[in-house]
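Letters A, B, C and D mark the chains in the order given here, with residues in each chain numbered from 1 onward.
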Amino acid sequence: MNRLFKATVTDNKQIKKDHYLLTLHPFKKINRPEPGNFFMLSVDSSLDPLLKRPFSMHRWLGFDFQILYRVAGKGTGILSKRRPGDLLDVVGPLGNKFPVAKTHDKIILIAGGLGIAPIFSLAEKLKKNKHLLFYGAMTKEELLCIDELKSLGIEPVIATDDGTLGYKGVITDILKKFLTQNSKLKTQNYLYACGPKPMLMALSLLARKYDLKGYMALEQNMACGLGTCLGCVVNTVDGYKRVCKEGPVFRIEEIVWE
Amino acid sequence: MNRLFKATVTDNKQIKKDHYLLTLHPFKKINRPEPGNFFMLSVDSSLDPLLKRPFSMHRWLGFDFQILYRVAGKGTGILSKRRPGDLLDVVGPLGNKFPVAKTHDKIILIAGGLGIAPIFSLAEKLKKNKHLLFYGAMTKEELLCIDELKSLGIEPVIATDDGTLGYKGVITDILKKFLTQNSKLKTQNYLYACGPKPMLMALSLLARKYDLKGYMALEQNMACGLGTCLGCVVNTVDGYKRVCKEGPVFRIEEIVWE
Amino acid sequence: MGMNLSVDLGKLKLQNPVMTASGTFGYGKEYSEFVDLNKLGAIVVKGLSLKPRQGNPPPRIVETPAGMLNAIGLQNIGIDNFIKKKLPFLKQFHIPVIVNFFGDSISEYIKAAGKLNETKGIHALEMNISCPNKQEGWSIFGTDPKVTFKVVSEVRKVTDLTLIVKLSPNVTDISLMAKTAEDAGADAISVINTLTGMAIDIKTGKPKLANITGGLSGPAIKPVAVRMVWECYKTVRIPIIGMGGIISAEDAIEFFLAGASAIAVGTGNFINPEATMDILEGIKSYMSAKGVKSLKKLTGAVRC
Amino acid sequence: MGMNLSVDLGKLKLQNPVMTASGTFGYGKEYSEFVDLNKLGAIVVKGLSLKPRQGNPPPRIVETPAGMLNAIGLQNIGIDNFIKKKLPFLKQFHIPVIVNFFGDSISEYIKAAGKLNETKGIHALEMNISCPNKQEGWSIFGTDPKVTFKVVSEVRKVTDLTLIVKLSPNVTDISLMAKTAEDAGADAISVINTLTGMAIDIKTGKPKLANITGGLSGPAIKPVAVRMVWECYKTVRIPIIGMGGIISAEDAIEFFLAGASAIAVGTGNFINPEATMDILEGIKSYMSAKGVKSLKKLTGAVRC
């Protein structure tokens, strides 16, 4: 199926200071996006910004879908001004997905900041008793979807850098504590993570130390989103791989951080 | 007074197919714009379109003012999507004005198409018994402000290219008929015109033939609007002159059409 | 309606003038979901070298006003892998496959061209002598006319396929480079490759590209590209493939009027994966609205 | 707060690095309504020649993606009129007045420079050897190093004012041109002038500019300009005035990091008549946020 489509903005709600929840209604039935997949969105028909912007699938509503985003610069700034009824060009769903094997005993989800956008969709898809969610943010004000998580029956372990909610500290430190206290957790588990680079780097170290397996979703500047421009590579043990095609989800141990 | 200001869109009404009436509320008191003056408007904060766009003062409301415009391309297309509450950067009022001398017996105003935008402001300023308005457009659907003119007590002589309202033909032909029928009109009058280039060229010929004096407002691509870039020149008997500075209003006889 | 859109590039005939720009369309497969490849004028694949190359470290791309910088660093799977793994897919289609290639030395150019020349299913070669992403000393292929003449005429000797030379815009006199390529035996020229540019992240103080500089493409460079096509058109008799910032049919027509016989869509594919088809339709509409029966009539038709 | 924004250009000291680009700020008067001219680093006036010039026929400007093309054709009132009618206004201010000038021949350059050199109230000269709007054969001043060396060294002989040479970006090797200007005695270089471009109106089939080609300026060219400043910085020791697409303080800082000692705002003035002041304030904020006490520390500070 041709993954280029037009979508109507049905809602574009400011949920926190810089954070918005966008609901899109595609003009045609689209492929069902899986947790980890992303979409390329034209925020505008102007030549500035020029390129489409990538956003993770946050919530699939059966036909419509949602994007959770933060105003990071020009493109997301413009996006935040789109109103119900506006049309956007979209390509997707793109990329691979979080591969959740049935056999995994227990799953640990780790979200840092906006990493909650795709991790939420994964949490929603999994049975609630099969996973534990660690969720960190700079401050209470940047914790998103807490109510939605609760209504799914999910009680995340929360950490904030400033301690305004949950543990004080970075989420990987909290995770580390858990791992040392629950040695059983270590081997039978799979980690699924998304978040800022420092968090993912810390997680990689942790995974190596405790010999944990798992996956993480990465970001990289993108132009095509389709695997053709070779612009979005990350370094792996097997050489450069494209985040938009072989990713955005990679095995934790395959990423080579510079 | 610094003529750079921000203005809020208070209304942006589609009045005919491609035609809009924009009402702007400046953040500060601005210089009173005179008929013939124009404003440079940023339609957007994007770098595409990059430059401000020039628009004639259409109506001065004491503090707020109005612009009458047609969607001609990208910039005006974006402008037509601005909604009440949006902010625009504006520079103005700029340029010279229609110099209306008290001594002129009778004044003939000629507007072609969107030329009505500034000509209307001139008509509004003049006493109604002191002028005659000739107003031409492609078709009835492109005649603007007819009701507003009537409420000022002005009954324009109308011509449309397709004859859907008023005389059938171009407005300069109708004017020519009038001039031949009313030889008295000829010498005691001043013409004040704005409209598309072919109309102004025809008018120049007419003025030469009947030895009529008068003024016309011209257009040219602009970058600065302030007289510095030298981009907006037109050829005159005294060499190149800047539409934004020595104009937009020029004596009919000084323009050298190529 | 009897409109003739065909284009002659040396011995090669294209059914229409809409091509893809090397490096922006992969090896065709990814876009086949959006575009019926059989409807393209030709497909130009990502630049190939004898050996696979891993390219530059990331970040490799960054957006700039109405454009983008890329420093892919000529990452490619190598000619052998292309022939084995990618060409079979392309052979299914009836359109010409044009292989963009490059080398680090004249002998590499010759070897690469020789190998490609022997391969069934390749219809033309596009020599990239202009990619600005390589190390010092290399860019000389595309900027020093003497070296350009040498490398093009050597390659000319080893291939009877249509030979297209892709020019760098980072030169003082593009028409001299065009003439040089023509004199050396090129059947056509591609104008233009990317302009060398740079962007700095003022928060970190580091270049936004790991490679420091990159190639500027997209609408921002269109006025430079149109001017260069026009200068080349005044100078050479071989056909010109125009490119640089084409995202719409209007853009494409500007290039025809300036002197292009065919056009290629690069960055435009990223903005709209169906760009090539939209452009083709738009060209047809323009021709029928203007009553132009043959595309060849548009080439160089600007009225100066 | 003890921040040092001063810049040395030869013997000339600027209080801050924000200048105006020639041809975009008139002779200062028009913008004095928006900008307190006393707060500028320096004012650079529209390019002057010995005799007045009427310039090119209209249309002279056209917008392009994130940029504009201009073909003003060096219209100016001539040096004498400038001295009589415009300089008195500028003399009221405490900031350096830099006169941009050009000639059609080496002897005209020399005469113009000599005349300007004698005039009180002019603090530096900027030689335009790069304007792309003139007829054939002329652009050689800015693109052939031998001719560049000749004209710059001849002008150097007749003036002891700070001599700035403004380079054309339409060259293969900008650092060679920079080195040439330095060797010929320039005190500073301005990088860059406009890139030559062209736009065609597909409705009429005619070029959008009466002059056919014009100079591309604005944000679109910024990546090329930053790259060229960086290349020059690696090559010469004289200060570089960076320009090309600067509309914000962020843009200006990019140029400092790439190697500029000062910057000039051109097209940016059209977009925002207060651009120079907004940029100056933004530079100060950046410096205080980063704890940079002296602007000189930013020059060339990009970490590659």
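Observations, loosely collected:
To be clear about the criterion, a residue touches a chain if its C-beta (ideal position, glycine included) is under 8 Å from a C-beta of that chain, and two chains touch if they have at least 3 such contacts.
Because the structure is a prediction, the values reported are computed rather than measured.
Steps from subunit B to subunit C, minimised over paths through touching chains, total 1. Distances between chain centres, each the mean of the C-alpha atoms, put B farthest from subunit C. Centres computed as Cα averages put subunit A at a distance of 47 Å from subunit D.
Subunit B has its Cα centroid 54 Å from the Cα centroid of subunit A. Between subunit A and subunit C the centroid-to-centroid distance comes to 36 Å (mean Cα coordinates, whole Å). Shared interface positions of subunit B, defined as residues touching 2 or more other chains, are 47-48.
Within subunit D, contacts with two or more other chains are made by residues 65-67, 218-219. Arrangement of the chains shown, judged by which pairs touch: all-to-all, with no pair of chains left without contact.
In the complex of the two chains, the subunit B residues touching subunit A come out as 44, 46-48, 78. The touching residues of subunit C, counted against subunit B in their complex, run 65-66, 219.
Interface residues of subunit A, counted against subunit D in their complex, comprise 47-48. Note for the complex: subunit C touches subunit D at residues 64-67, 69, 143, 170-173, 195-200, 202, 204-207, 212-213, 216, 218-224, 226-227, 230, 245, 250, 253-254, 257-258, 286, 301-304.
Within the complex, the subunit A residues that touch subunit C are 1-4, 42, 47-52, 89, 91, 220-235, 239-240, 258.
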